[in-house]
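For reference, chains read A, B, C and D in written order, and residue numbers begin at 1 within each chain.
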Amino acid sequence: MSPSEVIAAPEGQRETFVLNLGPQHPATHGVLRLKLTMDGEFIVRAEPVCGYIHRMHEKMAENRSYAQFLPNTSRIDYLSAMTYTHAFVGAVERAAKLEVPPRAEFIRVITSELNRISSHLVWLGAYLLDLGGFTPLLYAFDDREKILDLLEGVTGARLTYCYYRFGGVCNDVDEAFTRGTKEFVAYMRPRLDMYRALVTDNIILRKRLVGIAPISAETCRKYGATGPVIRGSGVAYDVRRREPYSAYPLFDFEVPNFPEGDCMARYLVRMEEMAQSLRIIEQAVDRLPEGPVMATAVPRVLKLPAGDVAYAVEAARGRFMVHIVSDNKEIPYRVKLRTPSLSNLSLFEEASQGLVLPDAVALLGSLDLVIPDIDR
Amino acid sequence: MDDLFAGDLIYICAFGLGGLGFALGPFVVVHLLAARRTRQSANKTGQFIECGMEPIGDAWIRYSAVYYLYALVFVAFAVDVLYLIPVALVYNREFGIRDFVELVIFVGILSLVIVYAWKKGVFEWKRKSSAPKS
Amino acid sequence: MNPDSPQAHEESAAASAGQPGGNGASGPSVLVGPPALDQHTPLLALLEQGLASEQGGSSVEAPALAGKAVDFASRGYHVEMTVAPERVVLAAQLMDSSGFALDTITGVDWLAEGQMELLYDYFHPESPTRVLVRCRVPRAAPEAPTISAVFPGANWHERETHEFLGIRFQGHPNLTPFLLPEDADYHPLRKDYAA
Amino acid sequence: MEAQVECSQIVKFAVLDELLALGRANSLWPLTFGLACCAIEMMAAGASRFDLSRFGAEVFRPSPRQADVMIVAGTINKKMAEAVKTLYDQMLEPKWVIAMGNCAISGGPFVFPGQYAVVEGVDKLFPVDVVIPGCPPRPEALIEGILKLEEKLTGKRRWPRVPPQ
């Protein structure tokens, strides 16, 4: 018994205090509030409080037509805006049975994967900022600017693209985009090796992440966590493989997963995913078919048949599913947005039991949350 | 009172006043030059900073002993540096190996605090309380 | 227009493996769509048999366990089950035991029919099967048992459905507003909600 | 919001104030207050390509006590309004507010009949100095906003205004 253990307060007078890791905090990447019941440096109970950026997306969906809701889809999770628009557009196409020309499908895959890489780069910069390293943010954002230039050339926006339409994409991809994408893939691969050498193999990062906050596959399933969180716990669940949509079955790519389930596993999954996305983009650009980018017979006023339709995509944070209930009018009756960040965060209370505060911040960063994605 | 004694006295008073001035000077300057009030929208200026939220509960509770031990190790080395300052003043008069050896011995003995604290597990931040384990 | 039972054609080979499934993207080569419908009939049988055995003698409300295979290409889920409110927890346990994960809980306010509907979406980490469990509750006093004991992830979904539509979940540990301010007593997603 | 309370200092200097204003204008420390999409563009502005540190504004202080300007980057909703007002009060004078993006200016895309959650514009809570339209505004627009605030402080514009083509 070392003297420091003897000095600890006796049982009855043990006091915990409540700390607000509140809405305005650099570690929460937005306005998430964590009510932490702390005992010294250890977390007794962490209760996430959400709703500080609730923007009524589902209420807006109920009084706008399908086309008017498109801009909203890229503001739910603005870091992977393409995949979110892809889900909404896919759901409407699935219900209205619209044929999307193959060239549009390929363009959707290319832009979605570029968007996934840019989202992972923002996560890399912000996560290492949480762990104390400032420089990787500058490198990651520098690479990300190259992707944003490519996407801006085609869609005109940097963050909230509204590029997909029901039945295709709104304008075609020019030669500069395909050449630029090839150059970007060639440029990015050595950069990923540099990140591996500089950041992944850094002993301080390994000390902060290896073995911290392990999450079992069973916990992920119980809470419905998906994306890099469940792939970090050993389950190779990827919506692009499980429920093949768009042109993804035509490309071969692995689904990286690591069995440990700790923060390092989730980190490695995202780093590996960037390399896989580069592979997909390379294949898609090489086999980009010619032809129209917009389906021909798209009705002016879109009315979905009565009933439910669901469409799931693999967003950067996990499984994003749009569930539309329509009653044969041009305005949807109810639109449910199943967002990955909500399920990924719901396991935080259980996973952060007994962690030290800095490890809880490392766990929070490894879940890669976008708070408007939770609050919708 | 011969003048030597007066000279020293003046020197000490000047030194004391200078110290006092350094201590109280900023208060005066701030009072004069800083803005008197800040604009309010919910007059919460005095509230503790807790990410924009109302702090819950009180901070005056029994903390675990590890914080105290961490502070103790810091104080030990603060005092260590305190003694090194006068040495630094006279260190380069006529350099002798003896001064260097004395210095190393002095710092060596004081750094035994680190060895003791490390062995006692202060730096591992072990959980010293009996709160419900995870 | 009661959207309760979309005319899902039974057992027709609509989405056989050969024909391009998904949303019919006729890519240069044939897209392999999700597996054929018949792959789900064993699951369907398991669920219905599971529900039937639980239900014991009283088989009066036969529709309580009407489950049917649905064409994935037009609906996005493979199996759809309509369940009475008190059987929701049982359906959740069946889903949990066969390895499903809760996707989300959607509340729909059918104002015209004076009913509210709860849609439980399930996905499976290892298999492509998607299941939708429907449950109708009267609009006057919308009540449903909580499944947060089976799926802890449902805790937040139920809190959100409660605050947006006012559907009470019996046995829920902490049914306070989740996204709206703590003292919110209005239900914004109800069709008759006036700001 | 109470009347404009007199909060300038006791002792005033004519010439020194201009020097003070120039010093403040070139070292505006923003409060890290990213709410939504505009926060990503604010981070991009702080990162290597757009580089806010050319204007002395790259030190993002998390604590309101050490921040000079509050860049409201995102949507303020009613549950968050209380916290925003607390943060504004906790900032020390001289302080300024930049409303970045349409949501901070007027509620932006989330204003529709029957909306129940969004505060339509941050100027309903406290006075705003500079307004940057856009959804989200580009990093260059944020830099222009900071230059506009510097112009407001020092009275003259340090960088030549680019005439719109």
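We take it that a contact is a pair of C-beta atoms (placed from the backbone, for glycine too) under 8 Å apart; a residue touches a chain by one contact, two chains touch by 3 or more.
In this text, all values refer to a predicted model and were calculated from it rather than measured experimentally.
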Inset, instruction - Count the C-beta pairs in contact for B-D and for C-D, then report the pair with the higher count. - result: B-D
Inset, instruction - Would you kindly tell me how far, in whole Å, the mean C-alpha position of chain C lies from that of chain B? - result: 62
Legend entry - Separation of chain B from chain D, taking each centre as the mean of its C-alpha atoms, in whole Å: 36
Inset, instruction - Round to the nearest whole Å and give the separation of the Cα centres of chain A and chain B. - result: 45
Inset, instruction - Can you tell me which residues of chain C touch two or more of the remaining chains? - result: 180-181, 188
Inset, instruction - Give me the residues of chain A that touch two or more other chains. - result: 22-25, 51, 54, 56, 59
Inset, instruction - Please list all residues of chain B that touch 2 or more other chains. - result: 51-53
Inset, instruction - Specify the contact topology among the chains shown, as one of line, ring, star, complete or other. - result: other
Legend entry - List of chain D residues in touch with chain A within their complex: 31-37, 39-41, 43-44, 47-49, 62, 74-75, 77, 79-80, 83, 87, 109-110, 112, 114-118, 135-136, 138
Legend entry - Complex contact set, residues of chain C against chain A: 1, 3, 6, 21-29, 31-34, 73-77, 99, 101-104, 106, 108-109, 119, 121, 123-128, 130, 132, 151-153, 155-157, 164, 177-181, 188-189
Legend entry - Interface residues, chain B side, partner chain A - complex: 50-53, 55-59, 61-69, 120-122, 125-134
Inset, instruction - Show which residues of chain C lie in contact with chain D when the two form their complex. - result: 180-181, 186, 188, 193-195
Legend entry - Partner chain B, residues of chain D touching it in the complex: 1-2, 4-11, 63-65, 82-95, 125-127
